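Each chain gets a letter, A, B and C, in the order it is written, and its residues are counted from 1.
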Amino acid sequence: MTVHTQVICTLCGCACDDLEITTENGRIVKAKFACSNAYERLTCFQQVRSYNPVITVNGQRREASLEAALSKAAEILAAAKYPLLYGWSNTSSEAIRVGIELAEELGGVIDSTSSVCHGPGIEAAHEVGESTCTLGEVRDRADLIIYWGCNPTQAHMRHMSRYSSHSKGRYREGRKDRKVIMVDVRNSLSSRTADQLIQLTAGKDFEFINALRLAIRDEALEADEVAGVPSEKIEELADLMVNCEFGIIFFGVGLTHSSGRDENVAAAISLVRDLNMRTKFLIMPMRGHHNVTGTNKVMTWQTGYPFAVDFSHGYPRYNPGETSAVDLLSRGECDAALIVASDPIAHMPHQAAKKLSEIPMVLLEPIPSATGLLADVHIPVAVVGIECTGTIYRMDGVPLLTKKLIDPPKNCHPDTEVLSDLLKRVKRLKGAS
Amino acid sequence: MAELLIKNGAVYDPANRVEGDITDIAIRDGTIVESVGSGAQIIDAASMLVMAGGVDIHAHIAGAKVNAGRLMRPEDHFRDFEAKTSAARSGVGHSVPSIFTTGYRYARMGYTTVFEPATPPLETRHTHEELNDLPMLDTGCFPLFGNNSMIMEYLAAGKLEECAGYVAWMLHATKGYALKIVNPGGVEAWGWGKNVTDYDEQVPRYNITPREIVRGLCKVNKMLRLPHTIHLHPNNLGKPGNYETSIETLDSVRDLAEGKRSIHLTHIQFTGYGGRNWQSVSSEAPEIAKYVNTHDHVTLDMGQIIFTSTTTMTADGPFQFLLHTMSGNKWMNTDVEAETGSGIVPFVYKRSNSAHAVMWAIGLEAALLITDPWKIYLTTDHPNAGPFTEYPRIIAWLMSNKARSRVIAKLPRNARKRINLETVDRELTLSEIATMTRAATADALSLTKKGHLGVGADADVAVYPFKPREVDPSAEYKKVRRAFRRAALVVKAGEIVVKDGEVIKSFSGRTYWAKPHIEADVLEQVATELKSKFKKYYTVEFENYPISEDYLDHAFAVQGA
Amino acid sequence: MEAILVTGTSIDQARGKEHGKLSSQYKASCATLHMTEEDMHTLGVKPGQSVRVTSPHGSVVLTAVKTKEPHAGIVFIPTGPWANQLTGPHTGGTGMPHFKGFKVEIQPAPTEKALDLKEIVKISYGKKKS
């Protein structure tokens, strides 16, 4: 029996790195300090995971050798004119680096799940920038915390106690030293921990943010209410923001998914920027998957662009709406796909998922998924942070090197190895040197 | 490994006092040797200029801040891209190039070593991931220490030994090369939205001043016998009248030098301003030069302005916010817990703008008025004052009064009244250029096998397509500029990697890091103490903070003097 | 009855998927429509009964669940293949489809039951082009 300490969790963007995992005979038997989401994952995945590659021919799914699976996968990709390489948010940055080289070699598109998650926030950053920090700054200094369009008690369970409202910092004793506001269209469970819930009309975040921008400049609001919130309340919130010592807005997909999308985030970033004329104020997206931030970082340093990178002209091109996965698939532009560490059949709108299901598809994924039901080649891989090591990036950009706790099953290898193998085979098939 | 002989080149190797002699360079196993056998591959340099590969001491090329700059500026990439070749990966970027393109563009100019001068320790693993990807170059990075909470607390309490122990632990943990200090105390103040403006001002909530931080770290630098001096971006950067802060900062560590160097002040252009505001801003480069010419404990680099669209990015959070409010341009900011911060703002320097015109003159004046080229290095603080791809333009300005005059003639008249460049007719020689771009920078970094072509040196060699004996650089400065843009041949670690300005072979270089001079048991004690208080300062565990040597693809530890 | 639909992650969905997407836990968490007691009353359904939800992009049968979050007129479906039968692919040039805040029609569906993941996949997808 081995007790692994300071283990980095590879579930959500919190990347809590204080987990204590006990392993015995190659199985996880105990997971201390893990939130209930992570606990579920750590204790379940070994029961449900896939062990052997599967090749589907004429609708018949058959187990295959790794060699056969890699060979077929390489064939599919090398034969494609415009393949989509999608997912990446649940694997290491080392794997993503190989993925980008593969996409460049194939002349295809590489896109991460950020295009259906926080992509609009990144698009906003292109326009207006972003004023942010690492999580320790919030823990130590923040006396006003606003959670906007997110649900931390459910989606980022230890965020509040480790990094934000309920954490203890160098200059803040804890919850009582902070004012906590929830801004959302719904009264979620998280709002019960807040001092105040501001409930907006759905789809009206943009209007509300702009009203706030006026209010923080002491401009009078002509309307009686904006987005369903009375103007007095808006002015009160503005006062709170202007008079705090250090404020932060954590925002979730409530902003990026609803109508307005990138404009919502651009408005929120602009509000925060405006506040910096009067006090210290920052903003941070609540990134979902443990390495979705990593996908943007790696793609940006290698290609200049954070996601939806097209190599069809031999150099990186970027235009969300044109080169992003849902759009490419909806328009039926891609003729093959490599899906890594994600489940687009489950998470994309069904018209896009339908188009994806119609093209030859290779999947690298450890556990059964909707995409797995439709993949032509499914290669199960080692789980990063449990069965293999790899670098991940926390939601605030802090890099962490995850640990290997147990050996993966015999036929399951790290994504880096599988992708490197695929790259070699593809180069050979395409006759490149 | 193969043997290579570069014959008949006009060699400029100031470290070994070779000034244009037609000499052969013999290479075996990646090192410069006395001679090679008859089986060696022969390259005829045909009287062309031969120098050691360029060594850039200060360019922001990798890490969290640089990457945030790339992310914020897709428009910078749309207009400048490079397609994949059989030898090179594709990429983009004018002022903030992607990592592969960065390496290739440096290599094409004959550079073989480039250091990233500012990395936040907590995120330095990110910097190393990027440096692992950086092709063609040897490299290293300088972690930021000037706003570190624990350092300020140690120094405020007079605990110099403990401070040195902590810094030593941090160098091991980050695999960094030198102690970088940016706006000491000011970036911690920016954590509360404030700044410091006086060298002797108290940092908010800390019992310490910028002067004490700088002196403390200077002492620590000596105790740890690090291969480079402290590398400083002083307070009040970018503020008219700030030349006084620069001189005050330089002078504040004079007594600590003891006959050696004690400080490198970076991008002097940004901190050499006279005047009281942006209408009256003037060049005080002559004052700076006077100080440097009479004091041997200091070195500087230029931070030369290029009239172009570029991206400013520094760890100086409060200054970057100020630049955003002045320019109205978009703004990125990241404060890093217990350590530092950063800010990024795109910027355009215009020849028609009087303030920019004055700034342009300052960098050149500093380089020309400082008499010893071993004290002032050629940089643009890439990309802050301009992209590194414009170094050849700067070389032309430095070597040709005619080239400078053509620009001066187009500057706004009222700017011309506030600069001194018109009265400077010194033209630097190739020897001096070689010094400022390779010999001196390698020397400042104690990289004894770099920056020169003596026997035993690393075989990093650049051959430029112009013949010094046939070209007058002063009159024919355009030839000089073109030649330095596209090397005829570049050898890296004994392999030919660039030919006629094109990358023909990719190469993965070393990442240098400095091993501090400290007893093993002292380091262990530091680690134990640190472990007990780590969680107070950080949101990561003590065990997960350090970067192991094998994380770097090709780590190379350098022991201090 | 008309309502505004929000799709997104939920704690049960997050935990459900750790049991594998083919699991009954995943279906139990995702093939659900969360509505307030008030809305259920207006519609005439009880918790556990089937409802059919239709949007401009598609239609799906779900199990009604009483939500603990009191806000009439807004319904929630955890993200997954059931929710995505209703979401549209148009991204407005942003790459991001519309996952939250659009109108849907809800009807009781007493004779129908929510489909398994495999059934949904079979009906909606999987007709490979040759």
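Methods note: a contact is a pair of C-beta atoms (placed from the backbone, for glycine too) under 8 Å apart; a residue touches a chain by one contact, two chains touch by 3 or more.
Here the structure is a predicted model, which means the values were calculated and not measured.
Asks: Sort the other chains by how far their Cα centres are from that of chain A and give me the top one.
Replies: Of all the other chains, the one whose centre lies farthest from chain A is B.
Asks: Which chain has its C-alpha centre closest to the mean of all protein C-alpha atoms shown?
Replies: The chain sitting closest to the overall C-alpha centre is A.
Asks: Could you put a whole-Å number on the gap between the CA centroids of chain B and chain C?
Replies: The answer is 56 Å.
Asks: So, what's the distance in Å between the C-alpha centres of chain C and chain A?
Replies: 22
Asks: Distance from the CA centroid of chain A to that of chain B, rounded to the nearest Å?
Replies: A distance of 35 Å separates the two centres.
Asks: If you look only at chain B, which of its residues touch chain A in the complex?
Replies: The touching residues are 62, 64, 66-67, 70-75, 77, 81-84, 86, 89-93, 96-100, 122-123, 125-126, 129-130, 133, 191-193, 205, 321, 324-325, 330-338, 344-345, 536-544, 547, 551.
Asks: Under the touch definition given earlier, write down the residues of chain C that touch chain A in their complex.
Replies: On the chain C side, the touching residues are 4, 6, 8-11, 14-15, 18-23, 57-58, 68-71, 74, 76, 79-81, 84-85, 87-102, 117-118, 121, 124-129.
Asks: Per the contact definition, I'd like the list of chain A residues that touch chain C in the complex.
Replies: Its residues touching chain C are 36-37, 40-41, 44-45, 48, 59, 115-116, 119-120, 123, 151, 154-155, 185-189, 199, 202-203, 253-254, 256-259, 261-262, 288, 307-308, 320-322, 324-327, 329-330, 343, 345-354, 356-360, 367-370, 372-374.
Asks: Which of the residues in chain A end up touching chain B in this complex?
Replies: 5-6, 8, 17-18, 93, 97, 101, 104, 122, 125-137, 139-141, 162-163, 170-171, 245-246, 273, 276-277, 279-280, 282, 296-298, 300-306, 311, 313-316, 318, 391, 393, 397-401, 432-433
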